[in-house]
Amino acid sequence: MLRNYSVRTDLALEEKERFESDDVEVQGVVLEEDYDEEQELRVTRVEIRTENGAKAMGKPVGTYLTLETPNLAIPDDESHMNIAERLCGYIRELVRKNAGNKEGDLSVLVVGLGNREVTPDALGPYVADHLSVTRHIVKEYGKYAMGLEHADMISAIVPGVMGQTGMESTEIVRGIVKETHPDMVIAVDALAARNSKRLNRTVQIADTGIHPGSGIGNNRSGLTAESLGVPVIGIGVPTVVDAATIVNDTMENFIAALESSDSLKGVGEVLRSYNAGEKYEFVKELIAPHLNGMFVTPKDVDEMIHQISHTISEALNMLFTGYERQGSGTSQQA
Amino acid sequence: MLRNYSVRTDLALEEKERFESDDVEVQGVVLEEDYDEEQELRVTRVEIRTENGAKAMGKPVGTYLTLETPNLAIPDDESHMNIAERLCGYIRELVRKNAGNKEGDLSVLVVGLGNREVTPDALGPYVADHLSVTRHIVKEYGKYAMGLEHADMISAIVPGVMGQTGMESTEIVRGIVKETHPDMVIAVDALAARNSKRLNRTVQIADTGIHPGSGIGNNRSGLTAESLGVPVIGIGVPTVVDAATIVNDTMENFIAALESSDSLKGVGEVLRSYNAGEKYEFVKELIAPHLNGMFVTPKDVDEMIHQISHTISEALNMLFTGYERQGSGTSQQA
Amino acid sequence: MLRNYSVRTDLALEEKERFESDDVEVQGVVLEEDYDEEQELRVTRVEIRTENGAKAMGKPVGTYLTLETPNLAIPDDESHMNIAERLCGYIRELVRKNAGNKEGDLSVLVVGLGNREVTPDALGPYVADHLSVTRHIVKEYGKYAMGLEHADMISAIVPGVMGQTGMESTEIVRGIVKETHPDMVIAVDALAARNSKRLNRTVQIADTGIHPGSGIGNNRSGLTAESLGVPVIGIGVPTVVDAATIVNDTMENFIAALESSDSLKGVGEVLRSYNAGEKYEFVKELIAPHLNGMFVTPKDVDEMIHQISHTISEALNMLFTGYERQGSGTSQQA
Amino acid sequence: MLRNYSVRTDLALEEKERFESDDVEVQGVVLEEDYDEEQELRVTRVEIRTENGAKAMGKPVGTYLTLETPNLAIPDDESHMNIAERLCGYIRELVRKNAGNKEGDLSVLVVGLGNREVTPDALGPYVADHLSVTRHIVKEYGKYAMGLEHADMISAIVPGVMGQTGMESTEIVRGIVKETHPDMVIAVDALAARNSKRLNRTVQIADTGIHPGSGIGNNRSGLTAESLGVPVIGIGVPTVVDAATIVNDTMENFIAALESSDSLKGVGEVLRSYNAGEKYEFVKELIAPHLNGMFVTPKDVDEMIHQISHTISEALNMLFTGYERQGSGTSQQA
């Protein structure tokens, strides 16, 4: 109802849902969904294929894979491994798609975006912490000396946030990319979701990078192929909801409740007679300005961030060091 | 308006405000306020003197000192020192009041409550980190060997939270108190405020300890003279607001807006005709259950927590190691 | 040669070696050794059975199991799991032996000794960090509600070091034990080894607890059945060598070299003519007093501590949550 | 005596001492010393002016200022401020000397070298943590909007170590320098000293940057004007001694003792008859290969690193934000 009051989301999935509720088909956008009942794991693939589709979705042309499961933040070794293997498969798909004609080993810079000092924003740094970096070893000893046939050169950086460095993450990463010439960047970031139900149970993998205004700390300039000069795979997990979003959601519920309420039917009727613009004005007044710059996060966010970052770094380690449980290779593509 | 929908607050000040808006005077409760314009620093003293007052306020008999200033989280050395000296004075007042007949040096256990791993809940642990502990030195060498006439025996513990220890903080602290026999406990904790404007600019010092349900992690049993067997001074700083509170606040604003709106006057009239119970039912439905266990906090919470914890530990270090800027002793009592 | 110049070791194994080199059999002490060639894993069992044996060994009556393997600090998932399972088996043996007549579920307090802020001393705290604590859940919901037949009540504490708390670890832990009544304490600590070759590749498990003077920070009073009132299993990993030990070792080598050297045979002859006391005087002068309070540790100590603490907490989690890879149960006892 | 057995030192001061003991004057090298008795603070200025001097010293042409005081790691606010002001003055001298013709505000990138995870190597990262970065604010709002006449643009980066990033620190910093164009780099690093008495009481400031092989982690390529393209001021604090150095020192003492000993005079005479090469062979054998990659550090290294990093960041904040206690400006130059 208050759909015109646009609340930012970093998830293509949530952007898509916006349209679905209107039963509108968006041209140039293909949606596929796959649900694994046993693992309670839903994978949604949004392909934005044309500039028209991009315009309608407010997101650039590219592939957006979203994996949702209540098990993401659950400290169970078995589901942890299952999810890591699934993630590994999806990341591999986008990595290969964007590696161009390059055959053989890749050189990849993994960027852990976010602020290590603020728990829900520490996802990117924690993923970088657990990564097996290999670039220095391959450069010094060669892959054959390592006894490996397959040896991607993995490097990693935690650029910090602007309040710590005085620099945009994009400036730092662009400088390092120009100096060390990776074939590709994989950027990991904590995101803001629109729906609090999605927190800590969703991973989005996209080959369009990380965009301006994404993330908790509101990156002012994105990490994209355009800004860095190499393809950028973005891996994002919603770990917070903007405080303003929570308030907006409740307002929507409230107005819907008024409209459908038996006892307050009169109110609903009055409200229904006003247009979206009028309703928007109400909401704008109600979202106190001091809520800007505030976010909502679960109390056990520390355990969730530790668990999820571990799963993502495991997926990356599997992908780049070639380790994988036998027989699982083919089952990974949904 | 939705006052009957009770939202928990750890601040006596906010409890008092609840009544003020009704212009009710609460018997057995004395309120004094002092405002230092130059330092933009407001000190409120709530004394709950009788059981009736305690019942009305929903807080135990005791003294609650609240210091509010926008400078609390500002990284300015000068105001940092001023605030630390003020805090030192107020803590000293409550320490002396509760030291009983004990003259001379005190033995004090400082407890840093909260979860070091969740940024807005790390206040207590950070205060303990920066504390000058002296108990082991005084015990081994004596205060004269240290060249001091005045040497309180300060010890400190960070008990962790139940998800980390499997034990209640109260159990851990009670065991340590029984074993090491301090004269008094000072417990520092991050609190939940009702009003987001109060975040990171308020310190409450109370001689009633920390109560069940206080704090971000919802301590299930309090740290009080009753549970520990020695007086407990509680020092609390609101660093989060419950997500449910933010939503509730907005609802209040919304209903007030409907009531006063020209264009939607009809809605307001309908709403006004319903009683508090009916309105409460609406709100209860709207506060999604998944918001329980979520909190709202500012994006720069890391800097604020570092700054404020440093100020509090400085105040405690001043108090117990006897260091103080000359001439500031008398000006500290409001 | 300089054997009379006693260098402290926390490892019973090293104490035993002291005698072996003299081909002396120590009465009341039984030594068994087992070597698993495939896993490069040596397990030594020292049983001190009599007070005479205890006196000779300078360690109390009890069982000391030492597991040595170069793979301990190697970040390989497969050997990590193998070692964790072996450790789990040995810890279980000592836990059961010390559980007395108690059948069924145990209540165990795990104590992570050491200083989280000094990398090689952070082993104990890191083990506690990764532990699955269950006491609060079992207490609140019961083990059947958890869907488990077997549910030990695990609690954990990181007491900190005296410079942070002003209290002895023993005081803190004794208070908590008296308050929460565990059946047993398991204390994990980083140790000082006598031989730098043993660093980060050795785990000692003993049912005699942690003794005064053990550990990096030189615990002044031990964690033992005597001091805590319940059995104490100590798990220790040598992560540093005292600087004085390194120097002493080199002196021994030097003097041995002088004695055997062709070109400097004269020196050796002269030295041989002096007695142990005279030699000891030399060494004492040479070990500069400022080396006291210094330790030697590898540059990659951070990775080693992370890896080993993870393996130990995995072993404890396996033991207490009943998780274990099938078929591995019987192979664990050496 | 064992002078030919060269032990690496990062301190020009220690390099100089090597010669002094031989009463050799090194051409092209000027040494000035200044001792402040009241503050127990010794400042040594080594100016290497010619390539000959550089060759003799094994260090490049430039100015090396060394500040030594037992108070460096002592947690006393008064001496902390005094030392910070002295450091501020010396850093300013080298900054101005290397700023070339540039007048007015500078743009400076501070690099915190070292490994945050290994306590004695965390000095650089901790300094960066406490720095007031301003580049993003000046760039966005301008210095006049900040109400300042003097506003250097300060940025900061913690590049991590090669085992974490797979990249050389030099590659990372060079990329960032090329992208963000600072006028100068200030690199802060923990160093290895030759003499354990110098640990945590010495700061070296040099306008020659940080050189290959310096630091605890053995930077393989340096941070110098040559490698980065802008002047580099290096600030180093010795926080460890290589284990091999400790052993070597003791050997020297031992041989000296043998030579001067009455009772063992014979040994000394024998030793004296052998040449340096022969003695070197002994020592080489005695320094066990497993000591390579090990370092010696004090047990309270955590407190020292916190204290010293705070003092250095305070000095940099004073310098770049213009804050300074009145009247102290002129007294800073020795």
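Structure notes:
By written order: A, B, C and D. Residues from 1 in each chain.
The working rule: a contact is a pair of C-beta atoms (placed from the backbone, for glycine too) under 8 Å apart; a residue touches a chain by one contact, two chains touch by 3 or more.
Nothing here was measured: the structure is a model prediction, and the numbers come from that model.
Two copies of one chain, subunit A and subunit D, touch each other, and the residues they use overlap strongly: the shared fraction of interface numbers exceeds half. Repeated interface, listed pairs A-B, C-D or A-D, reference B-C: A-D, with more than half of the contact pairs matching by residue number. Centre-to-centre, using mean CA coordinates, subunit A is 37 Å away from subunit B. Chain centres here are Cα means. That of subunit B falls 44 Å from that of subunit D.
The set of subunit A residues touching two or more other chains comprises 163. The touching residues of subunit C, when paired with subunit D in their complex, are 115, 117-119, 163, 196-197, 216-217, 243, 246-247, 249-251, 253-254, 257-258, 261, 263-264, 266-267, 270-271, 274, 278, 282, 285-288, 290-291, 293-303.
Residue ranges on subunit A touching subunit D, taken from their complex, read 128-129, 133-137, 153-160, 162-168, 171-172, 174-180.
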